[in-house]
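Chains: A, B and C, in written order; residue numbering restarts at 1 for each.
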Amino acid sequence: VGKPIWHTDRIYGDTTPPGVVMGLAWTSMGGSVLYVETVPLLAPDELADGDAAREREAAQPDAPRPSRRGGGSLITTGKLGDVMTESSKIAHALARRFARTVDPSNSYLDRAQLHMHVPEGSTPKDGPSAGVTMVTSLLSLALDKPVRPHLAMTGEVSLTGLVLPIGGVKEKVIAAQRAGVKHVILPSSNERDYVELPAKLCEGLTPHFVSTYDDVYKVAFGPSS
Amino acid sequence: VGKPIWHTDRIYGDTTPPGVVMGLAWTSMGGSVLYVETVPLLAPDELADGDAAREREAAQPDAPRPSRRGGGSLITTGKLGDVMTESSKIAHALARRFARTVDPSNSYLDRAQLHMHVPEGSTPKDGPSAGVTMVTSLLSLALDKPVRPHLAMTGEVSLTGLVLPIGGVKEKVIAAQRAGVKHVILPSSNERDYVELPAKLCEGLTPHFVSTYDDVYKVAFGPSS
Amino acid sequence: VGKPIWHTDRIYGDTTPPGVVMGLAWTSMGGSVLYVETVPLLAPDELADGDAAREREAAQPDAPRPSRRGGGSLITTGKLGDVMTESSKIAHALARRFARTVDPSNSYLDRAQLHMHVPEGSTPKDGPSAGVTMVTSLLSLALDKPVRPHLAMTGEVSLTGLVLPIGGVKEKVIAAQRAGVKHVILPSSNERDYVELPAKLCEGLTPHFVSTYDDVYKVAFGPSS
């Protein structure tokens, strides 16, 4: 039932590689899943994670070495509007700080030159609700860890990590269910919208209501998942 | 039958030099072949491949030397619209990573300052479907290897190398056949469009349906071709 | 017969200094000759050619010295439209590579900061057909060699040096004849337009039909000219 709005709904399988996270979009024509893809513009061995960098430094203590912090950058593509482009900057700033709380030795996001894309390339997209998806895409890449399978998410983030409400809950839930999603992350402030949905639409879905990015992180990467 | 829309249909012969790849375009007026041309702005010997760089370093072990990675850039011309310009960035990011999987010592794209042009210069062009063509043009240059003769291709690429569906399959196939193309690369998700075409339009054409850039690479450069 | 459209028709005499080349333009009001002028923004001794650079290095072997390649740039003026501005970038890229095939030790264009102007400054100009003229202007400067006298040219160039067809052949030929031009370079693909012109329009003109920039170079600078 229902025709996907974007014909690349589910371009990935049940699991996604590190750096790729499924989000939920909403247009006047209905909901859709979308993916945020982030990749490094430079090879992993040149943008070594904390451990590798420490090993290299131990092996060559006197070698000149690049700054451990600084130089991090992010370019975006996918016909993102102004608000979504700003979202990517907020996500980058938040992910950089969040990565340090997870692993103080991991300076990947502080140094990596990254490229974030949101297929399809010719579909205009805008709005702040991919915030949590973007942060998670960046962290997934920095930690070299895929997110849990069958997961989709939506939510604006503030620069300090608060998760703010979004629109189109019903359409997004329909799109998630249609795409075979099992776990869906939604802002706590949208819980009232979710509980009012017909039970049929929520069948097979486990909702996770989140107030801060901490909560998102635990669902996406946590051992308790 | 049918008049070329762009009068530079087939500006190259049956084979193209490294860095030049034939794509397929689609406008409201019909299909057309087009070429993506990429050249270095600096001489090959200054942008030495892995071997040459290693030799140079062996000869002058103490000489200060530029970063082995980093500095890669790409400018584009050909009256490309926003989406096609973004496509070129996605292609550049993907080609850089893909080149490393083909030959880890080849850091050409990480260092080269490149210029990509899509003739004719005064014809406005847009859309994401030259993605695979752009990636292939960059790899062809980096590997200093022409693509197989009589080849044309169309397909959007995601940043991780998935090949996404495109429009105008019929018009593009007509243009390919008219231009003497023998092998045509199309997204797997467009196979259903292709099989519905009248047999006459496909005469003399071998279609190659691809899901990821890996598949494109094998058709364009592979020994099995 | 016929009034020049741009009142700077023939601002130079029969010969032009290195860096200045006569082109042919075409507007809805008729044809016109125009000049592409390129000059260095830095003094010649700072942009020494291969020989001079080698001498300087021999004299001061330990002195820090700028990169032998890299740093080349080009700014343009003359109210050029988007396509003509892109043409100048294509011309710059092509001229850099072409100069190396003519003289591998000549890195002038790789290092020089250049300014290209197309008088008159207040006349808007656009289109790709000054491509060959721009390349020739850059090479003339790099080689410090004027082009042959009484020469005018028109043709789009691709990034790899193919010469592509242009419009307004009749109007351009009329303008060339009126301006006292003796040798006119035209794209091979426009030969059919030329041979259809009334003999009177071609009186006194030697046409040179070219397929690649190589052909243009031989006519403009070659010993066989």
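Rule of thumb we're sticking to: a contact is a pair of C-beta atoms (placed from the backbone, for glycine too) under 8 Å apart; a residue touches a chain by one contact, two chains touch by 3 or more.
The model shown is predicted, which means the values in this text are computed figures rather than measured ones.
The touch graph of these protein chains is an open line. Bringing chain A onto chain B by least-squares fit of CA atoms involves turning it by 60°, to the nearest 5. Ranked by how close its C-alpha mean sits to the mean of all protein C-alpha atoms, the top chain is B. With each centre defined as the average position of its C-alpha atoms, the distance from chain A to chain B rounds to 29 Å.
For the pair chain A and chain C, the distance between C-alpha centroids works out to 50 Å.
In chain A, there is no position where the chain touches two or more neighbouring chains simultaneously. Across the complex, chain B is touched by residues 7-8, 11-12, 17, 19-20, 35, 37-43, 46, 75, 77-79, 115-117, 119-122 of chain A. Chain C contributes residues 68-70, 72, 82-83, 86-87, 89-90, 93-94, 96-97, 100, 110, 127-128, 131, 156, 158-160, 162, 164-165, 189 to its touches with chain B in the complex.
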